[in-house]
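Shared between the two complexes below is subunit A, which pairs with subunit B and subunit C, respectively.
Presenting the complex of A and B:
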């Protein structure tokens, strides 16, 4: 098992597949309420899953395509945070892929037709790594953004009336 | 909270001693106002028809029922919920016994009947595109509307300027002014000047081609549009253009001070305040930061970003310009308020404008010529040493210049010594009441890629409290001596506007949800009320149908400073919300969201 994960971690796809709509039909369900009872999910394979190179590339692309302009380095800003427990549209790889391709109604742009599919998977995998959803062995221990100077951290005092 | 008096003494019992110079100045102003028409002494009908109260933007209410001695009795009169959880930055309007409120996206306009408090006369819903929320840099805010000859004018987040019949709530016209797929949005409060409704775009964080435009009030037809980067023909710079300083003179500086075509995506939007001097027929406003934030990516002075403009209201033709922050390094937009005053400076009567800039300096500028008279810091500043009033040049500190490197201890931080929340001026005290920030930052440059409709930044930022640890406050500033008279510290940035009344009371709100009344002379806290959410709006003072004076404020935290609460951001990433989250990690402990209007009066 460890061996398999390690292999995936170092895998490089030298000829990534051209763009195609990998997430179709029931793959990216956004509701647990499924009349007639829950159905077995169709799970498309995330080719970047557990791959350190892809996570690293995903981080680079996340900045290069200005995802960081809205989501910062996961904390959010113009867009919602991407480090969180509750996801409106799900955080399975298929959900995240779907979100990037289709966009979302309240401001998330639709990137479909603009980005190659393998890059979308790399960004998906990076976002999952921010949430510790990727293997520890493949996830970098710190962000590429500016290092925190501990003297500038805002202390969080207890609330008190003035 | 005791105000910190500067340069004067307090009696042991805490009673105020008015410094002789201040008392004399107050008396002088008072009588001068009666003897000579001064722009700051416009008659007050008890209404509030534009966000800044009057074209001079003084936010001074001549109503005097509420005074320093009775304000402690102020009681809640009525409330109104907007039902929204985004930042409420707008000033309510009061016209013909009706209050008008513009909400953040979805930009609903409510008309409330003041003869039947709380009752809604009508609601106008422009249905702005939901996707436009993705192009609003700093929460989906709106700073208010303007009333003129039976119509309410305001902007929607998805770039429409709308005119609504003030009586019926029916749409009169709707003009599309910009494109979200170019990163444009609209959040500013328009004014009407020279018979035109004047509006500008937002999007300095998206590499927009910034502009200001004048529309016909009757039809919504665009009469003129001035772009703030590019050739003189687009900037409406022509034969009338006579800047005071040499560096602002020359042909097509909006092209020559950029490399190649960078001016086309260079920012310079106009999302802030516009003032108007009817006697000179000039409007005054500032342009935003240059795009992208990473200064190394746009060599040159980057005109006309971070610049103050004077333009003819009817034609848009520029009369003078003064670039506050050439080659902006720190997101120092020049969009803050310009308060028009007629003052005696060094023994000479001068028509001036007072502009507290993001760079932390209070500029006093001759509004007929553009000459800088003084530019002293009103908050802690280490990014510049001085402004040479002879040359107009800002002496910037080299070690604080940003680009492809990490620079620490930058004060003020990108939101500036103050951001858009507007100051007020009392002709009775002669003082400006400035809500300020005390924030510093570290900035780190990265490659910025231009993809239209997405942010164009190239900078990671982390902000934190400046010297002293308080992140903001309120300062009373004497524009004649260019010195502060008193300061009140606040835990969080003071992100609400101020209003000052003829009762010598200053009203403002705090991000931790207190609405406060201070003594305009000394800053002593006279009254406070805990509202439901942090205040980032603009207080107003008006006369109700019953003849009583009312004070109104929209509460509802959000905006850039409050995004951590209104956007549910994660403080684990200090760079969130362009680095503001690092300085506001504790805000969720003090306030939740919720838009609500509060109206106060004496019993």
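Presenting the complex of A and C:
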């Protein structure tokens, strides 16, 4: 059991299945009405859940697609922060997927018809990893970028007040 | 892919096409020559005692062999002393020559008023910008540098992700491209030709498919190329090409790619403004033609596993207009 989990964590799904390639033009369905008999609504499954490669790809895409332009690196700016406890539209993978595909009032654009589905799931997984909603085994413990160690900085003398 | 004539073009430090590569080669040849002589001399001196006749093991040892005469000892001291002295002198001499050559090919020996090109390493392609004080005149291209023959060119090397290394063996030594640093070097081609370059620092899955081309051209040809690259992309001339442009602009392509003169303004993937004029696609992986381009768009992960190029589904009836449009961007 543990072994299978470990494999999932490192698996690199470089060639996503054709169904995952869809670029969702009209996004998710607004109504459950459909031709034919009644069917149970589809339960969307995040294929990238708990996968370290997807989280790192999600981080790359988050910056490449300029999500950081509004949301900063999760702290928020023009757009709301993405590291928080209370989510207006939910933080389940399906909710986040919906938010990205359809957009939300007050500024969040609809990315449906622009992003392939597998990349949206990667971004969803990255956002969840920021909130510790992904397994600890798949979440990086430190940032990729070079950071200055605050302990080595020369303290700047505080200006004296008159 | 077997018919890839570009592969026949030079990527060898033994066939220098530029000032700096010639200096490096001369230094290397000089070292091989000098050290070769020393190697042969040492081997001869090692073999001579072996060739001497020895007394058989069953015989009594010679008397007093462990007590050489004073004259022999003096001779021995002179031989060992002069060999040690020669070693020190030769090593210091080689170090001095390397320092002088290293200095002349480094930016310290760089002529002023050179053309400046900014090369940024990415996983796994090269972003190329011809710098200009006037920002509107900066020219952006990818994976292919054109340089005028006989003029020094400064390369400002940077990286967007991991450490790469910029290496055109026919023109200059290696220069590492390090995130959040700028490393400079200069190149100068002394003859026209195509020089292949290769990332020389392991940078991930597709390190091997991270090549680039330097096209050294006579000044007038370079000026024409330069003037053309500065212009906007050619607008689509026929209905078919217009449809191809619409396919491009209405798909995920524009999130990453930039085509000057259209709405496509992505900044994270190779600039496609003059895509049709380039020799290769996917950083030297494939020759640039319609068949390869269609294969690349349909399944980039099949050609270059791990590439950051997204797999974007294109309807089969849209593929032909799309590749026609991209190849028309001369």
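As a convention for this text, the second predicted complex is superposed on the first by the 114 of 162 C-alpha atoms of A that agree within 3 Å, B and C clash if a C-alpha of one lies under 4 Å from a C-alpha of the other, contacts with A are read in each partner's own complex, and residues count from 1 in each chain.
FYI, a contact is a pair of C-beta atoms (placed from the backbone, for glycine too) under 8 Å apart; a residue touches a chain by one contact, two chains touch by 3 or more.
What you see is a predicted model; the values in this text were computed from it and never measured.
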Thinking of the overlay built on chain A, is A:84 touched by subunit B (first), by subunit C (second), by both, or by neither? first
Considering only touches as defined above, state whether A:107 meets subunit B (first), subunit C (second), both or neither. first
For A:115, using the defined touch cut-off, is the partner it touches subunit B, subunit C, both, or neither? Pick first, second, both or neither. second
What is the contact status of A:76 with respect to subunit B (first) and subunit C (second): first, second, both, or neither? first
Of the two partner chains, subunit B (first) and subunit C (second), which one does A:131 touch, if any: first, second, both, or neither? neither
What's your read, subunit B or subunit C touching more residues of subunit A? B
Give one of first, second, both or neither to describe whether A:14 is in contact with subunit B, with subunit C, with both, or with none. second
Based on the superposed arrangement, let me know which partner A:60 touches: subunit B (first), subunit C (second), both, or neither? second
Contacts of subunit A common to subunit B and subunit C in the A-superposed view 64-65, 145-146
Parts of subunit B lying in touch with subunit A, wherever the complex brings them together: 1, 130-138, 205, 406, 408, 440, 442, 444, 446-447, 449, 451, 453-457, 460, 462, 464-465, 491, 514, 563, 567-578, 581-586, 589-590
Residues of subunit A touching subunit B in their complex? 63-66, 69-70, 72-81, 83-84, 103, 105-109, 143, 145-146, 148-149, 152-157, 159, 162
Interface residues, subunit A side, partner subunit C - complex: 12, 14-16, 18, 21-23, 60, 64-65, 113-116, 118-119, 145-146
Touching subunit A in the complex, subunit C uses residues 179-180, 250-252, 255-256, 268, 299, 301-302, 305-306, 308, 310-313
